[in-house]
Structures are given as C-alpha cells and as structure tokens.
Amino acid sequence: MIEFKDVSLVYPNGTQGLKDVNVTIKDGEFVVIVGLSGAGKSTFIRSINRIVTPTSGALLVDEEDILKYKGKDLRRLRTKVGMIFQNYNLVKRSNVMKNVLAGRLGHTGTFRSIVNLFSKEDRALAFESLRRVNIEEKLYNRADELSGGQQQRVSIARVLTQKPNYILADEPVASLDPPTSHQVMSYLKKINREDKITTIVNLHFIDMAMEYADRIIGMRAGEVVFDGPVSQVNEKTFEKIYGRAIREDDMRGGADLEED
Amino acid sequence: MKKTDTGLLTTGKTPSIYTSKTKSRLLLIFGVVLALYFLSTYQTNSTPGELVIGLPNLFALLAKFFPPNLEVLVASSVVAAFSETIQMAIIATTVAAILCVPLSLLGAQNITTNKYLYGFMRFFLNVLRTIPDIVLALIFVGIFGLGVFPGILALIIFSLGILAKLISETIESVDMNPLEAMQASGAGTIQMIYYGLVPQVLPQFSSLVLYVFEINIRASVVLGLVGAGGIGLVLDQQIRLYNLPNAMAIIIGIFILVVMIEYVSNKIREAIV
Amino acid sequence: MAELQMPPKKKRNPLNIAKKSLMAAVVIALYVWTFLGINIDWERAFERMANNFERVIPRLFRPDWNAFDKVLDAMIETLYIAFAGSLMAAILAIPLGFLAANNMTNNRFLTAVGKWILSAVRAFPDLILALLFVVAVGPNPFAGVLAIAIGSTGMLGKLYSEVLESVDMKVVEAMEANGANKLQILFHGVIPQVIPEFLSYAIYRFEVDVRASTILGVVGAGGIGTLIFFASSNRNWNEMGLIILIIIVVVTIIDFISAAIRKRIV
C-alpha cells in the first residue's frame, strides 16, 4: 500500500512540484495519472522510489515512511519498486540479457555482480521475463539493434526480473507509435493482473488512460484535482483536469491491437 | 564589377565586402602580428635575412649526417635500446591506464557531483598536463639516478594527465539514462558504474589508451636524452662523439618505429570504434 | 523457481574466437617480453630515493624567487621561439596543405607525395629535430625556431589540407562557369572560406608550440629549457620549482587566451 499524506515538494529553484497531495493506492491497483506536462505527474511517481524527495508531509510504502530513508533502506525500497521510463533507459551497447539481468543488481552483492556471478535462478528468471514479453529470441542482440517497442519490452522484462511489488511507469509510450503503445500497455496490464503488482502509469493520452486504468488520478499544477474509478470519468472530467477543451493530440488512437 | 584587360577584378565604385572599420581592425591585427614576428626573429637570431644567409650553411652541416650508417641499427646495444624504449612505453601506458580510472571518474561532472572535488580534480589534471615530460624525467632522474625507472615514472605521470582528461570528457558524454534506471532498481554506485558506464566508455577507453601509447613512444624516445633510459641515450652519445652518420641511422630507426606504431595503433583503433 | 527454463547458450563464431585468442596471445606475448626484458635496478633506485627524496621534492615546492628575473627572461625567449616558429610553420604549411588536398591538386601522385611529406615530418619528435639543428647551426635559439617551424609544418599542413578538402566546391564551380581564372578562384572563392579555420589552427598550434619550446633548451636550442638543464645538473631544485611554476602559469594563460581568440574566430 502507498499512502501520500499532505505531501508537498518544492524544487530548489522554487517550482512547486507537489502541493498537499493526499492519495492512497491499494495493493494490486492499476492507476493512471493524467495531466498536462509540468502538472507534477513525474514528480508524483518519482517520489515513490525517492528519485526525488518531497520536502514535507509523509509518504508511506508498506506502512513505513520512506521520506526518512537513507543508504541501505533506500536501496531496499528501490528493489521492491520497479520503474519503466519514456526512453527505455537501456545500455545500448550491452546485449538484451545483460540489460535484463541489471534488474537483479539491487538483489545481488556488489562483488558478485562485478565478477558476473549471477545465480542460475537469476539467469532463468531473466530468460522467463523475456519470454513473458515475447522477445526471448533477441536474447543476445545488442539493445541498439532493437526497435523502440522492442526496447520498451526489454525494459519491462528488466523490471519483471527485479520481482518488484510496485511498478512505476513514467510516460512509457510517449516515444512509440499507436499500435506499439497499445502493445506495451497491454503487457503492463497483463502483468498487473497475473502477478498482482500494483502499477502506477503516467500518461497524457486520454483514450489510453480510459482503456487500461482501474482508477484515474488527475493532476494540475502539483495538485490532485481528480481521483476516482474509471467508470466515473468522461470527457468533461478531462476538460476539468486539463483546464481546457480536449484536442486531437490528447488522443493516441489506434485502439485495434496489432501484433508485431 | 568589370574586368580590366589584365584579367583582375576591379572593385571600381562598388562597395567593398568589408566595412572600413573591420578593415582597419584587420590591418591593426596584421601589423601587431608582423611586429611580434620581427621582434621574435630578432630576439632569436632568425630574421629572414639570417635565414637566407644561414640556409646554405645549414644544408652543408646537415650533409655531415649523410650517408647514414645503417649497420648501427643491427648492433645489439642499439636493438636493446630500442626494445627498452618500447618496453618503457608499454609499462607506462599500462600503469597510467589503470591509475586514470579513479582520476577520470573524479574528474567527470556527471559522476562526481561534489562541485569542489570535481573542480579540484580538473585543476589538478590541467596543471599536471602543463609540466613537460622532460622536466618530470629530470626530477625523477634527480631522485632515482639514471636509468629506465625514472623514465617510466615520468611517462606515467605525463600520460596520466592527458589520459584522465580525455577519459573524463568521454565519461561526461555518456548516456546517463541507464544509470538512472539502475539506481531506481536499487543498484549501488559501483554497480551502476560497472553495468551502466563501463560498457558505454570501453571502446573509447581502449582507443584513447592506444593513442596515449603512441604519445608515450614518442616521449620515451626523447627521455634518453636526459638519461632516463631508452634509445635517446644512445642517440645522445653518438652526437656527443660526433658520429653523425650513426646518429642519423638511429634517427631513421626512430622514424620507422614511430610510423610503424602509429600505423598499427590506427588500424586497431579503427577496428574498435 | 526450479521449473524455470535456463536461457540457451550464446552461439559463438569459431572465426571470431580464433581472432580473439590470437589477439590475446599477441598481447600476452608483448607483456611477457616487456617484463622479462625491462631492467630496473630496484635496490639502487630505492637506495637513491631514500637519500635524495628529501633533497628534491620539498625544495621543488619552495621556489627560489631570486631567480625570478632570469627565469622570466628565459620564458619570454621561449615565447619568441614559439611565435617565430609557429608563424613560419603557418606560412610554410599553406603550399603543402594545397599540395596535399585532393580537391586542390588534381594529380593523385602529387597529393600522395604531399600527404607523405606531411606525415613524415610529423613522425619526428620535436626534440630530435632540435638536436639535429643544434648540431647544424650551433646551440642557440635559432635551432629552436627551426625545430618548431619544421615540426609544426607537418601538423598544420595536414590540418590545412583537411580544411581545404571540406571547402564548398559549388562556389568554385560557379566561379569557373563565370570564366574566372585560377588565381581569381583562389583569392575570391577558396581563401575567404578557409581563412578563419586556418587562423584558428595556427593559433592552436602556437599553444602546442609554447609547450614544446619549453624543453628545447635541454638539448641547447634556447629558451627556458636551458635553465631547466642547468638547474637539474646543478641540483638546484629550488630554481627548478620556480621554473615549473612559471611554465604552468604562462602555459595556462596562453591556453586561455588562445581558446578565447579561437572561439571568436570560428
């Protein structure tokens, strides 16, 4: 369970990233955060694994306030929170297997990882993760030989290999075309269902949020301006969140799934 | 513009491409450069006049180096000295390549986020690079006496400055995204460097180490002139004894060595990057 | 997790393995040769160090300021040598650069000769050139100027030829079509395009030459190197400390000015 209690964050340059955020996310939920760019979506999810640190309030993950964490505790928190990025963040010159195994680093001692002593279980787990996103045949390809959608699937496999309780995805489809976007979202949804991993995704595409979310949280200027199940959401809700009329580029389109 | 019968373009009344202000500024710069040149040549006895008078003499004296006595190149002492030069460069490059790893991490702004530590490291590396290799060799000869050891030390320090600077620049140009992802999954700093950074810089690293090896070969050739081992020592002796054809043979040997090493090193570097 | 399947083994190309093993063997052989061949008398080195360390290192950090005027004069002479040498090289390199640029010289054989001359000149370490000229013209700054001039010509000529090869040839073709002759094309089509980069490289080379000319005096070719040589033979490490300090300061200032000027030019 993740609980935001009066969480605020002011960046050193004075920008207000989060303002009095109160949100509780229950285990197993699939939450989509929507809002325009700069609304604080990224700050919200990056607070959960402490890539950024809120300046006031309390943020509880599994009943522990993570804002006080340092060093070892911080690493322990991060090993149970997986993250997916807009630009996939793979080591382009390394092969797919090595990139996926990097998900185990938090569970592996520094010395063992440096002499490349990943256990048999870790290797098998990495391979299984790749199979779950259907990219196991690229095992020994270099990451930069893959397309954007394939790279994002590898990064999902990396997170799976980490065996997290939570997955954070920061604009995971912003660099992808519509069919690939739907494919990536479907994998995230499937993993959420099958492994009961709580998943929080930042999106700015309305149609995708509607299609995949259980619950939608709307943000504007660092504040939560909407929070409710997807059944309560309609176009008016988005106009309220965005503070303007809905435009065509707020939609991703291409809802009919294609296999690649 | 119209053409005159001499074939040259005349500007006539058409406006010039340069404004009169830039023109006078260019003229001023030109004047200063010329004045500095005459001052420099006067101070160093190399005015154009002296050059013209001196050149025939110069060629006459250089002629004494010819024909080179190429037999010297197969003499065992010369072969040993050449080997020593190469060995010094190999050892120095290896040690510098190892030592530069921590130094270049500390000198890279994206890894060393402490402003003062980074600033100090940059300053230190810049100062290190301004000390000439020969000066380092003389100091180490002063401490350890004549021989290869002070030469190797001088090469290590000298190439460390160059290598650490080039590699820290390479590190700064690295894609930090994968490191962020690893940090987010709970990896420690050393793991992030090993899994995120090393694969990205390794090809550049090898290429730069080879480049510094080339520099070390050239440097190690001349260190012998101040008693720090290698072929320079033999060259110095031959010149002192006025065995100029022998000296020329050694110079030709040095030339061949440098060209060969650069050729091989270039081929390998092309294959790496 | 025992039921999970292990990933398949990576397929390896035997040719690749052979190539890599050969490379590894060569590298290992080189290191074996190096460490068996190198002859370091550790005992003597450490004995000497025990005796001399105190006499050398602390004194380097206590510069002898009484020698300031002498050292500064020598440093200025070094700058004269570097300047005269660089400027000579900047001019000498122009015809060689044109000769080696394959869009300026249409004869393949001639460009090859040009490139060969330039790389041959570059292969000589500056100090070896200085040694040659000291024998030829005697131990004075003139030998230093010649060494710098010749040494820099190789590098500058190569850089110039690369600049020339990147020139926009459309301008040249347009002028040819208009009936301009070779000299007109040169002065109105080519030179305006390359002047900023030529200048920038020449200034950069001056920077390098300042560093190079600090040591020429060690073989008798004038400048501050002469003092370096005397300071070390007289074991006057306090003076050596001052010399190093002045070299560091002057070289840093020259680098800074040169970088600032080059930024404005290009």
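By letter and in written order, the chains are A, B and C; residue numbering begins at 1 in each of them.
Heads up, the rule we're going with is that a residue touches a chain if its C-beta (ideal position, glycine included) is under 8 Å from a C-beta of that chain, and two chains touch if they have at least 3 such contacts.
Which chain is which protein? Per UniProt: A = Phosphonate ABC transporter ATP-binding protein; C = Alkylphosphonate ABC transporter permease.
This is a predicted model, so every value here is computed, not measured.
Student: Which chains make contact with chain A and with chain B at once?
Tutor: Per touch definition, common to chain A and chain B: C.
Student: Could you tell me which pair, B-C or A-C, is linked by more C-beta pairs in contact?
Tutor: By number of C-beta pairs in contact, B-C is the larger.
Student: Centre to centre, by mean C-alpha position, how many angstrom separate chain A and chain B?
Tutor: The mean C-alpha positions of chain A and chain B differ by 49 Å.
Student: Just the number, please: Cα centre separation of chain A and chain C in whole Å.
Tutor: That pair's centroid distance is 51 Å.
Student: Averaging only over C-alpha atoms, locate the centres of chain B and chain C and give their separation in whole Å.
Tutor: Averaging C-alpha atoms per chain gives centres 5 Å apart.
Student: Which positions of chain B touch chain C when the two form their complex?
Tutor: For this pair, the touching residues of chain B are 7-9, 33, 36-37, 39-41, 43-46, 50, 54, 57-58, 61-62, 64-65, 83-84, 86-88, 90-91, 94, 126-127, 130-135, 138-139, 141-145, 147-150, 152, 218-219, 221-222, 225-226, 235, 239, 244, 251, 254-255, 258-259, 262.
Student: What does chain B use to touch chain A in their complex?
Tutor: Contacts found on chain B: 175, 177-178, 180-188, 190-191, 194-196, 199-200, 202-203.
Student: How about chain C: which of its residues touch chain B in the complex?
Tutor: Spelled out, the residues of chain C in touch with chain B are 30-31, 33-35, 37-42, 44-45, 48-49, 52-53, 56-57, 60, 77, 79-81, 83-84, 87, 119-120, 123-125, 127-128, 131-133, 135-137, 140-142, 144-146, 181, 184, 188, 211, 214-215, 218-219, 222, 225, 228-229, 232, 235, 237, 240, 243-244, 247-248, 251-252.
Student: Mind pulling up the chain C residues that touch chain A in the complex?
Tutor: Checking each residue of chain C against chain A gives 1, 4-8, 10-11.
Student: So in the complex, which bits of chain A are touching chain B?
Tutor: Within the complex, chain A touches chain B at residues 49, 51, 75-79, 81-83, 85, 87-94, 98-99, 102-103, 105-108, 110, 113-114, 155, 158-159, 162.
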